[in-house]
Each structure stands twice: as structure tokens, then as C-alpha cells.
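Note that the chains are named A, B, C, D, E and F in the order they appear, and that numbering of residues resets to 1 at the start of each chain.
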Amino acid sequence: MSTKPIIISASPHVHSDRTSKKLMYDVVIALIPAFLVSLYVFGIGALIVTAVAVISCILFEYLIQKYLLKATVTINDGSALLTGILLAFNLPSNLPIWMIIVGSLVAIGVAKMSFGGLGFNIFNPALVGRVFLLISFPVQMTMWPTALENQTKIADAVTGATPLGIIKEGLQFGETMTDLSYKIPTNLDMFLGFTGGSLGEMSIIALLIGGLYLIYKKVITWHIPVTMLFTMAVITGIFWMINPEQYANPLIHLLSGGAILGAFFMATDLVTSPMTKKGMVIFAFSIGLITVVIRLFGAYPEGVSFAIIIMNAFVPLINKYFKPRRFGSKIKSKII
Amino acid sequence: MTKNIDQKQNFLKGIIKENPVFIMLLGMCPTLGVTSSAFNGLGMGVATLFVLLMSNIVVSLIKTQIPSKVRIPAFIIIIASFVTIVEMVLEAFIPFLYEQLGIFIPLIVVNCLILGRAESFASKNNLWSSIVDALGMGIGFIIALTVLGATREILGSGSIFEMKFVSEDANTFILFILPPGAFIALAYLSVLFNKISIKTFS
Amino acid sequence: MRKKESTFINMVLSLMVITIVAGFSLGFVNDLTKGPKAKAKLERKISALKLVLPEFDNNPVAEKKLIKSDKVKDSIEIYTALLNNEFVGSAVVGSSNKGFSGLIKIMVGFNPDGQIQNIAVLEQKETPGLGTKMKDEKFLKQFRGKDPSSFNLKVTKDGGEVDAITGSTITSRAFGEATQLAYDEFIKNK
Amino acid sequence: MEYIIIIIAAIFVNNIVLAQFLGICPFLGVSSKVSTSVGMSGAVLFVMTIATIASYLLHQYILIPLGLDYLRTITFILVIAALVQMVEIILKKVSPPLYKALGVFLPLITTNCAVLGVAILAIGLEDGSLLKAVIFAIANSIGFALAIIVFASIREQLELANIPEGMKGVPINLLVAGLLSLAFLGFTGLV
Amino acid sequence: MLKTFPKGGIHPPENKITASKPIKRLDPPKVVYVPISQHIGIPSKIIVERKEKVTIGQIIAKSGGYVSSNIHSPVAGTVTKLDKIFDSSGYKKQCIVIRTDLKDQSNFELIDSPLKTDIQLSKKDILQHITDYGIVGLGGATFPSHVKLNIKKDKHIDCLIINGVECEPYLTADHRLMLEKAEEILVGIEILMFALHIDKAIIGIENNKKNAIANFKELTKNNDKIQVAALKIKYPQGSEKQLVRALLKREVPKNGLPLDVGVIVHNVGTIFAIYEAVQYNKPLTERVVTVTGKTIKDPSNFWVKIGTPVIDLINEVGGLPEDTRKILNGGPMMGKAIKNTDVPVAKGTSGILVISKEEAERKKCTNCIRCNECVFVCPMGLEPYLLMNLTEKKMYETALNEDITTCIECGSCSYVCPSHRPLLDYIRFGKSIIKTLEIAKDKK
Amino acid sequence: MTVSIIYSVLLLTSLGIIAAIILYVVSKKFYVYEDPLITEVEEILPAANCAGCGSPGCRSFAEKLVSTEDISDLFCPVGGNDVMESIANLLGKEVTKKDPTVAVLLCQGSCDMRPKTTQFQGPDSCAISALVFSGETDCQYGCLGKGDCVDACLFDAMYMDKDTGLPVIITDKCTSCGACVEACPKNIIEMRPKNKRDLKIYVGCMNEDKGGIAKRACAVACIGCSKCFDICPKDAITMENNLAYIDAQLCTLCRKCVDVCPTHSIVETNFPPRKKKPISTITKGKKIDSPSKEKYIDKKVKAIVEPLKSNNDA
């Protein structure tokens, strides 16, 4: 026998080789295509914003764990990295650096570490950071360098609104969808990512590739993204059919405003989404619904971020009332 | 039955150990509702202090004359009278503050702080102690509101007592003058308050 | 020191005494403050008018005109200002609910020839620090002395002449719209 | 339509707790369990509705005709205090189980500024009818219920979390309320 | 479509390295340590004394109550001590220590008897034999079989399920038994069907034992009372509640028994033991044990005398490897880590598994990331992460309401948790606390 | 006096009277009696809500105290005799005086006395590891060293000594609430009388194994040799299951047994050091005389002195 004493522990004595760290890094991998596209479209700005967000998120996590909480430092579990990336993906690529740092502080310090760190937060840290910035600095947060014309040079980026922003403003002042359709990028451009917007939200194709990779790796299930996008498509579809001049068509809604990024990467955040499939469907349905309500009737042209953090708040309630069916309980209901 | 009370202790407790806002969580609505600027916080604090002081005085004076069963309604009437007086005086003489504080002036009536002090302190203690208690609590409340208001104003508008110290176009954390900012600022202020009070008084 | 027993008589009596005293004092304070209160209220109205109108010596509030309009829910208020019984301008309340957070209500003062004397913001719910910049001198000053018949009240983005507040095009547009409305009513009811 | 706007505004846009800061004490105080917060919401719904009706009538038919509207605050609070007491008694007698569920919360409601606040706001509504006031009160109490129940469920979950020492208790609750209120800002401009 | 239970389950690497190794018979050990509590329930009462000579199959400890069982001497020899020895529970338990008489021929007789198909005993006698010869469930729970088979009048049983699933990785004892003793097992089934007046039996076998399935199918071709069902390879297919659900679509109610849905479940080993007890009056003194592990030289299946110290078995397969860090009594999912190699084989020991190096180490536990894996794999529809947290925060009442007591301790949750949380450790602890609390309540 | 004042007086008065009438009716019709004594008793109690008294909290203990006739069986361990006396005075009832007790640890199996033969991996909890096995050493009766008792103590009266792997009880802080006794899955914490100057003599071992086995597992185990039993002049010692137990009620603290114990499993606390016999003579005549043993004895003495010292500072 070896010199080390024999180990006693309770069963089970084997373990699958999945670890939470691997899950996180899988998401990072899935985000690479979208990052590459934004690098192509926005140039070095995308790199700067992402790097600043990532570094400051990790640094804040380190400082807080080490000096405020005096706990073990777990910055290499990948979650702060991911929060940084996703925060960056929700910011315009020309945001002043100090604002990015403030956003990271809010994301990590307020939304995550105040609750005890990984796994205990109620709200999606990256989105809290983003919403905080959006509300505090609406001007900078809603001015996007427009795509294409200024690849690779950030110095004098032309700013413009996102397709949804153009539509919202236009409709409010009496323009019709037909007028507006000339002002917004074509569906194909939006699909490929040649449009204005936050740096990680524009390239639908790249995000879809990443999303499918996550589903393939079983990091996420299809329930949340599919339900959410389907709900959005149906509701915007109904309005569009009622009055195509007043309401944008569902495709525009799905292709713009971070719907895909939200559906695959933010609403699916394990920590802040429900624990059962049934719960996930309800969660995602509500996100879809609230997103559409905000986009069509609210003040903000873009509703995904808010919809997700609103529903984050409801997750404990959903978990409380949508439990997995207990084996052997009398009432037989189908399990989703 | 009135115990001998160390008045200094009695006064200080309202500011530190039993701070109505940070420790006891009394009167949270005005605390959060009106503190979008330091001046509003101060105004609300003073108005509350006045009502608190006056009602503590009256309650402490007439405490033996009130049967316990109608204690609460009697106190409420007393408090409500002073609140109404404050309301009318503000409306007449400081109209802009009256407008700023809005619905939170009549709501001083239901500020748990005031009824709570009347109930648990003034109705049991003599006049002088009650006055000191009211002053301590009221000043604790004023400090809390002003600090909260100042914090929010500094962060949210880049000014303090309406004095702007950043340029007109500078970016400030607008969030802090909006409702969520009130909660968040108070959350971290109370962490700070606890830390400081533990450090200095233990 | 004994507490009073909770007998019926005691309870009613003590409450009665308290309410009587309260009633008296409140009524008294009310009487005291009635005058100042009303004055303060009027003061607020007048001060807005003073801001937007040239000097006047009548009481425009008493000569308020209410005009029904299908453009807004309430009726439009017009206050006429006279100096030495001579028409020196009128203040028109215009509104638009296309503001970022809904209703924006402003009071626009016009010279007899239709030039904008000044504008005061009466009611608004815009984002503090952003939409609220419409109250700032920087924004308001571009309207003074302009005649809407020649000055296009639309923002530059829409081909007009108003420089929008940074990041608050929506507010600026609504502001322009409200001003336009006030002007239209002013012309109609001159 | 007008009523729907009132309802949506009261529940989401101007949520009584998260945006208007009324009724914070019970919101923070009796929200440690979902079940108690449901009880509290029930009690608030009940009292807020009757209190609004009573104070509306009092205002409309006594204070205004007599020119006594400066007595608004004092009379309303008296009416509310008396009502709460009465409700308590009636419940005790009529439905002991309901009393058991709501009873403990009733005294708390007297010092809940949401009730008085809504009563005062209700008489200030534009061309308000009694019906409008009642709908306003109900919508606000639903808004209260929504906020407090969601908040309580979050607190239940946080009970199992390892909140840092300094954040435990008041600060974390305020922070959650703040983030909740931040989330609800998304509804801005719906009405 | 293979049958399976609807929700949850995992598929750990099977590692059935001994699947093709025929069962070998071991020489009797020099000393056997026979524990007196090898079954669930009351420990048996010792009826032999020190220095007493005992023969093979002699009762040495008598059933100590209703839920208890007789224990027979596995060897002929002399009782040397009545001592306390560490058993697989990790505690020292009373044992009867017998030195094998190396001269006594009966110790070396080949005990394999020819197949005997005709059932001569009456129903009552069959049950009496099962009681007398100390048969307990060999599927793991070691519940005394006579208690299980003593069905109250008001219960109606219509199906016997034979559990040949063996879903634990590594273990192949049941698999080999089914291959080598198929006919005996079928007779055993007939015996039980006869004794219980049932005319339906299903043998459930996981689909990774295709040869056993084929073998049984062949043998039961003409027997329409006994069905053979292949089951999807999924752990814990062998757990009786899941098995009943998979085979019959009947769901055993919460905190209920298969009995409540008219089913009796028995392990193939138990059936074989019943066969031998009824047909040959043979007490349960030996069983099949798989001795295995990745580092073991010659992993094998053995017929082992109850009471044999584990070290004897390990020596038989090439000795204890250098880097051994953990020795398990049972499989990797449900087995117990034993304290030393003197622990004796008991009636419930289906395998000895030797684990080495890092594989034995538990990984560091990190925060729960609420990934819902554990919820997803729990075959009982529980929320393991929640149960663990509730137990950790001592909220037992709530845990009880969340059905903590229905956990079958399959360990699927701990297996999948990407944060390596000791879910089952806490759940088990919570269950034990709730049990003591309830006992305390009952007393009041 | 204006009309407005009259109206206001009238309105308020009538409202007030209506309120008074309603409240009067309430107070008459729905009168619920609650003994004011309960609150008074509750105020005397220490409000630790530790449940050491057997009631779920101080308030319910107060209710129990007020409602039961004979309160001599009820005792608040945290408050102690003083509190019980003042409550009895208030209620006019009798209390029995209880000797103050304190928790002691019946195990001395520190790391160097009791070698570890296995290693436990799992949650850091005695109760959980006790579900899996009897402990990392070969003694299945001794302390598991994961500190459940320390966690259970509400009064910071315990800490884990890292060197010995055993919990230490700070006697001056111990309120004898019994929480640790309850928490220990091995039942090796006992409540013993505190006596004057906290003098105690007890057998610090729970091992019921036969001498040889016990000795092999742990150098300071009670081997059941009965020497102490034989020497005790007061018959305070009983032998059962190879284990000696000293009845504190009968023990006169004469210390005779301490010297005769061959394995030093009898613990004496706070006695003045014996002048005649230095430590080395105690170990004389014993087979094992390893340096680690010496070290251990030093440590033991320190461990007992230290808490008292630290307490004086506080």
C-alpha cells in the first residue's frame, strides 16, 4: 500500500469529468466567432472594450475576494472572465474606458460579490452592469459607431442609432415602416453583422454558431433560446399582421437589438435561470413577452436586457412553484 | 417608574446605536423618497424632527391622562395635527420645498419612527428624557437623510446642496437620482455605517 | 403616577379633549396661513407668467382663456397680458405627450407680433440629467426672439432649426412640437 | 382604456414600492417568507381598498363642502386607524382562519404609509370618480403584492446563500430592492 | 425501444472488466469473521460459545426478532473468539471468529449440486426454508427475504420482478450468475411464483448483458409466464422503484414499497439462494463476489464464503496494488469505502473494488452554479442542490417538505455535479437527522 | 373664531368619539387575557434563545415558568442561579439551586497520541463523517475532530486546537447550555460540576475496547485496568465495558487515582502543580516514555491554562 493513508468517503466514488470551469470556458469558446466579427466590423475598439471589461472584472473580483471578503480567490473559475466578455458585448465599441470600468465594478461588486459570489447572485451581473451604464450614461450608451465605413479606425467614428432605435424614433414621429425600411440595414446585413449596435450583438450568424455549439456541448438546453425567440416572433408577428406600417416585421425584431445574444448567452446563464425545464419555458416566454412590450410600447427601443433582469427576479418564485415532478407523487402530469 | 437615564447616552443612541435609518429601519419611505438631493433630505429631516419633538413633548406631558386602550389613536391625532401644521406652514412659506417633498409631508404621520418613539419612549419617560430622545432620534434621522441625499446628489448630479462641482456637460451617475439609486446607495451606506460604528464603539 | 383606567367615559373624554384641542389649533393655524398659502399659489402661477411675458400690470390669471382643442386632452390655456390696458403679449400653455417619458407641458410667451418672448417648463417627467436639460438656459435661449413662422421648430435632424439636446432628440422634438402647438393657438386666438 | 392605463402604471411603471417608495417598512419587514408576504398583500389589498373608498367619500362629501381640505391628513389617518381596528374585530369573529392568516399584519398596516399614500393620491387623480379611485387602490395593492412576493421569494433563496458578513441583513435586502427597482425601470414609458 | 424509467439517470463508464471471467471457487480461508448483523434489522443472537466446534451450515446466530435472520457457519471449524471487528459500515461490530478446520473434508467438497427442477415442498415449507436458511436480499439492501415474502392478506401481488440489472459499474457478479446458473434461477423463480400464487414474472436485465438476455430468452421460449426484458443502460435502472416503473409502468408511491403496486422485486442472487435453500436445504453461507479494479492484476469473480476477510480475496487476484487509495465494498456508485483489509465479506457484499491514486481523491467542492444537472439526473424528481443547502443551513423541516426522505441515495447527483458538491453526503445526513427527529416526535 | 375652526373642531371631535366608541366596544367584547408576568419574566431571562432550558426560546420558557406551579425542575443554564432566583422572587415560587456545571471533553486522543490510519474526504462535519465510519483513527469512540461542537457553541466557549486536533472548552465562557453535548455524534462531551476554582477530575476517554486494542489505537486510552477503581477511597469510580467512570458527586478531588493511571487517561484541571513529584516522575514506571509524550504533557497543561489566561485579558 502507498504511504498515504487509505481514503474513506461516502458514495458515490466516481465522478463525471464535467466541471464548472469547463462549462464557463465552453461559453467563452462559443463567443469567439461573434468577437471575431466585431473585431472585423469595429476594429481595435472592440478589442479595447473587451480587454478593459475582462481585465477590470477579474481584477475587481480578485480585489474584493482578497481584501474585502478575505476569502479564497477564485478568479480562475472563468465566471468573471465570462461576465467581462458579456458585459463588453453589450457595450458600444467606443465607450469611454472609465465607464467600462464602472460597469465592471457594478457587475462584479454590486451584482455578484455582494451576494456572495459565483452562484448566489440573483441578477445577471453583466446585464446589471450594462443597465446601470445605460441609465447613468444614456448618451454614450446609445451612440454606436456605424459599421463598415469605419472598420479598423476608431478615432473619428461616425455615430448612429441601431435599427431598433431608428424604428422607434421614426414611428413615434409619424413615419411609416415603409419610409423607415430605407433607413435601416437590410436583413442580410443584420444577419451577418454589418450594422450598428453593441459590439457583440450584431452578428447573428456568429452568435448562432456559438449558441449551437453550447447546445451541442450540453452547456445549455434549447428550451430558453427557442422559447424566447419563438415568443418574440409570434407576438411581433401578430402586431405586424395587424398593421405592417406601424410595427416592424418579426424578422427585424429577431435580428436586431441583442435578441440572439440574450437568448443564447444571457438568459441562459445557469445561475440566474430556473432549475426545471418547465420553469425555463415560462421564464423564456416571459422574457420574450416583456421584450416585445418594451420594444413596442415602452420608452426604450431595446428591451432584452431589461426583460432578462426583470425575469431574473422572478426565478426564485418560478423555482418555488415549478418543481420537478416527484417520483411516486399521486398527481400524474407530464414532465417537459 | 421613570428610571434615571444618562441623557448623553440617551441622546447619542439615536444617532449611533439605534440610528433610526441605518439600524432600526424606521421611516424608510421618506428616507428613500425625498433624498434625491441633500437639501431635500435635510428639509425632510427637519420637518420630521419638528413633528417628533413636538409629539414627544405632548405625549410625555399627557401620558398619564390617556387610557391605554385609546393610546394609539390619541397619539395619531397628536402627530397628525403637528404634521398638518408643518404642511400648512411649508405650503405658505417655503412653497418650493413643499412641492419637492410632495406627498411625503402628510406621510410623516405614518412614519413609524414618530409613532414608535411616542409609543415606546415618550409614553414611558419624563418630559426632559423625551425631549432628549426626540432630539437624538431626530438628529440621527436628519444626519442619515442628509448623508443619503448628499451621496445621491454628488453621485447623481455632481453637486452638493445644489452647488455644482462638475461641468455642466459632465457625466454623472444619473441612476443615483432615480429610485434604484436610493436603495443601492442606502444599502452600501448602511454597510459603511455598521463598519464605522463597530470600529469606533466596540 | 397612575394611568387612567380604560373606562368608556375616560376613553371618550380623553379622545374628545384631544380632538377638540387639535381641531382648534389646526383651524387656527389654517386661518393664519390661509392668506400666505393662497398668495404662494398665485405667486407660483404669476411667476411663471412673469418669466415668459414682457412686463404687464393686469392679472392674467383672472383673464385666463380656455380653448378646446382636439390635439390635446385638456383644453389649452391662454393668458393675456396687458400693460396700461394695451395688449403686450400672451402666454400659451402647449403640451406634447411624445416626450421620452410622456407628457411635457410648457408655457410659451409671445409678443404681439408672434415672436417668442420666453418659454417655461411647467410639467415634465423626462430623465433627470438628460431630458431635463430642456430647462437649461443653453437650450431655451435658441428660442428667444424667434418667430415660429420663420423659425422651423423641428430639430436639425428632421430639417428644422432647433439644436437638439445631446442624447435627447426625443425630448427636443416634443418640446418643439409643444411650442408649435402653442404658437398655432396663439395665432388662432390672437 | 383609461382604467387599463391606471392599472399598468400602478403595477409596473410607477410601482408603489419600487418607484414611489411607499410602504417600504412592511416591504422590508414582513418579506422573509413568501407565505407571510402573501398574507400581508392580502391584508393590504383589503385595507387599501376600503380605506380609499372611505377617505374618498369623506373628502368628497364632507371635507370639500365644508372647506376643510386641510384636515385631509388627520381625518384620513383616523379613518384608516379605526378601519383597521374594525376589520380586525370583524375578521376575528367572522373568519378566524382568515384572521389567523392576516391578523398579525393588520396592526402593521396602520403605520404603512402605502395605505395613507394611496388614499391621498387617489383623491388627487384627474377628474377622479369613486370607481377610478377604487381601481387605483386595487392596482396599487397588486403592485405592492407583486413587489413584496417577488422580493420574499428572493429572500428565501438568499437564506441559502453565503452572503458576505457585512452585507447580511439590511444591506442585502436594500440591494435586492434596488436591483429590482432597476429592473422595473425597463417599464418606463409604457404609459 | 428499450424499457427504462422516465426521468433522470446517468451513464457512468461501465468498466465491466470481469464480465467474461467465470466464477471461481476459493479455498476456504483460514479464519472467517462472521458479523452478526449482515442484514437490515435486528442483529442476530449468537448461540455458540468460544472454543465450540461448528460444522458447515450450522446455525451460529439465531434471528433476533421479526426483521432479522439466521446466520450459519460458512465453514467447519472452531469458534476462537467473539470479537468486535470493523465491518463495511466503518464501525466495529460483533463477529463470530471461526478458525477453519483444515482437516475437515466438508470444507473442500465441491458444493455445486445438479439441477433439480421439481418442487416438492408446500408453499408453507418453502417460506419456512427461506426463513430458516437465512436468506436475505442480495441486491444490496440485505432485507430478510422471509419478511418481504410474508405478504399480508390485504395486499394483492400479481408480478414477480427479477432484478438482474446490475447497473453498478465494474460489478459482474449477477451477470456471471445469470450465465452460469440460468436454469437454477428459473427454477427459483418457479418456486417463488408457486409459493406466492403469481403467474407472471419478469426478468429485467440491462442491455449490456446481451448474452445473459439471449440465454434467458432461449430458456424461457416455451414458458409464457416468465418474460425476459432488456433494459436501457442507465444507472440506477436496478433500483426497485425505477425497475418497476420501467417494466410495468407502475409507480411506487412516495415512501411506499413495490408491494403497494402489487410487485415483489428480488435480485437474481437472492433467487439462486432461495433455489438452493428450498431444493438442497442449503443455508446462505457463500455468495458471488466480483474482485476488480483498474490496477488489479487479475480481476475475477469468486464464490466466497461469508466472513472471508477482504485481504484474502485481494491476494487471490494478485495482491493489493502499490498505489491503492481506496477499497470499496460494492460498486463505485453505492459501495462503501472500508477502513482496512480485514473487513469480512458479508451477505450483502457483491464486489470488492480497489481504486488507486487520483481517481480515489475527491475534487475540491466549489460553489453551486445552479446548473440544474443534479435536478435533471435525479431519478426521484428531487432537487438535490436544494436539499443539500437546506441540510447545510439546518432547515430540516423544509427539507422534509421537499421530500428529502424519498431519496434513494443513488448518488447520481453527486456524480454529475460539475462543482463537485457533496450532495448525497448532506442529503444522507439530512435524512438521518429527520429520522431521529421523527423518532423523537413519535415518542412524545 | 371663524366657521372653519368650528367645523374643524366638530369634525375631529365627532370622528374621535366614533373611534373611541368603536375601540371601547372592541376592548370589552374581544378581551384576550395575557399575563403581564410573562413579559416581565422574559425581560429577566438572558434572551440568548439557546434552548438550553428545553423550551424553543426564552419567551416560551417564560410562558412555561409562569404557567407551571412547581418550577424547581426548570432551569436556565445560561442565566444560572441568579436569574432563576430573581424569577422565583418575582413569581413567588421555589427554585432548587443547581451546582454550576461546565462541559468537559472525554477524549484526549490528540494527533500524536492517536495515529491516523485513514483519511476522510467529505464535508467538514463530525456528524456527516460519523455516518460513514467511526473516525480516522483506530479508536472508534474518540473525537472526530471536525468541530461540530465548536460550531454549535453560541458563546464562543470552544475552539479547535490545531495541534491536538481536539476541541478546547474555555471554562469561563461556557454557560453549560449543552449545545455541544447535543451536537457531538460521539457523545464525548459531558456536563460536569464546575466545583470551586474549577477543579475537576475525570476520565478523559470513552474507549470501551479491551486494553490491548485500546492501547494500540491510542496511547492515552483507558485500558480498563481498574487501578483507579481499586485505589479510590470513596468508591466514586465504576468500571464498565473496560472503561472507568468517575462520579463527580462522590469524588472528593483527592487525586489519588490520577497518579495510578498507567496511561494518564485521568484528567485533573486547575490543581496547583505538585511540588513533590515533578512531571517526569509521573511518567516513571511506564513503558512508553517517548519524547512525544513529554511534549504532549506540556501541551496539555498549556491547553488548559491558556483559555483562563485569554479570558482574563478579555
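We adopt the following convention: a contact is a pair of C-beta atoms (placed from the backbone, for glycine too) under 8 Å apart; a residue touches a chain by one contact, two chains touch by 3 or more.
Source: prediction; values computed, not measured.
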For chain C and chain F, which third chains touch each of them? A, B, D
Pair of chains ranked first by number of touching C-beta pairs: A-E
Cα centroid separation between chain B and chain F, in whole Å? 45
Separation of chain D from chain F, taking each centre as the mean of its C-alpha atoms, in whole Å: 48
CA centroids of chain C and chain E: separation to the nearest Å works out as 85
Measuring from the mean C-alpha position of chain B to the mean C-alpha position of chain C, what distance in angstrom results? 31
Where chain E touches two or more other chains, by residue: 90, 336-337, 339-340, 361-362, 367, 422, 425, 428
Could you tell me which residues belong to chain D and also touch two or more other chains? 70-71, 74, 78, 81-82, 162, 167, 171-172, 175, 179, 182, 185, 188-189
Counting only residues that touch at least two other chains, what does the list for chain F look like? 4, 7-8, 11-12, 15-16, 19-20, 23-24, 27, 117-118, 121-122, 128, 131-133
Report the topology of the inter-chain touch graph, choosing from line, ring, star, complete and other. other
Touching chain combinations (by label order): A-B, A-C, A-D, A-E, A-F, B-C, B-D, B-F, C-D, C-F, D-E, D-F, E-F
Would you pull the chain A residues touching chain F in the complex into a rising list? 4-10
Sites on chain D touched by chain C in the complex: 70-71, 74, 188-189, 191
Quick one: in the complex, what on chain C touches chain F? 6, 8, 11-12, 15-16, 18-20, 22-24, 26-28, 30-31
Complex contacts: residues of chain E adjacent to chain A: 6-7, 10, 12-13, 90, 169, 241, 245, 251-256, 320, 322-328, 330, 332-340, 353, 355, 359-363, 366-373, 375, 378-383, 385, 403, 406, 409, 411-412, 414-416, 418-420, 422, 424-425, 428
Contacting residues of chain E [partner chain D, same complex]: 367, 386, 389-390, 392-393, 395
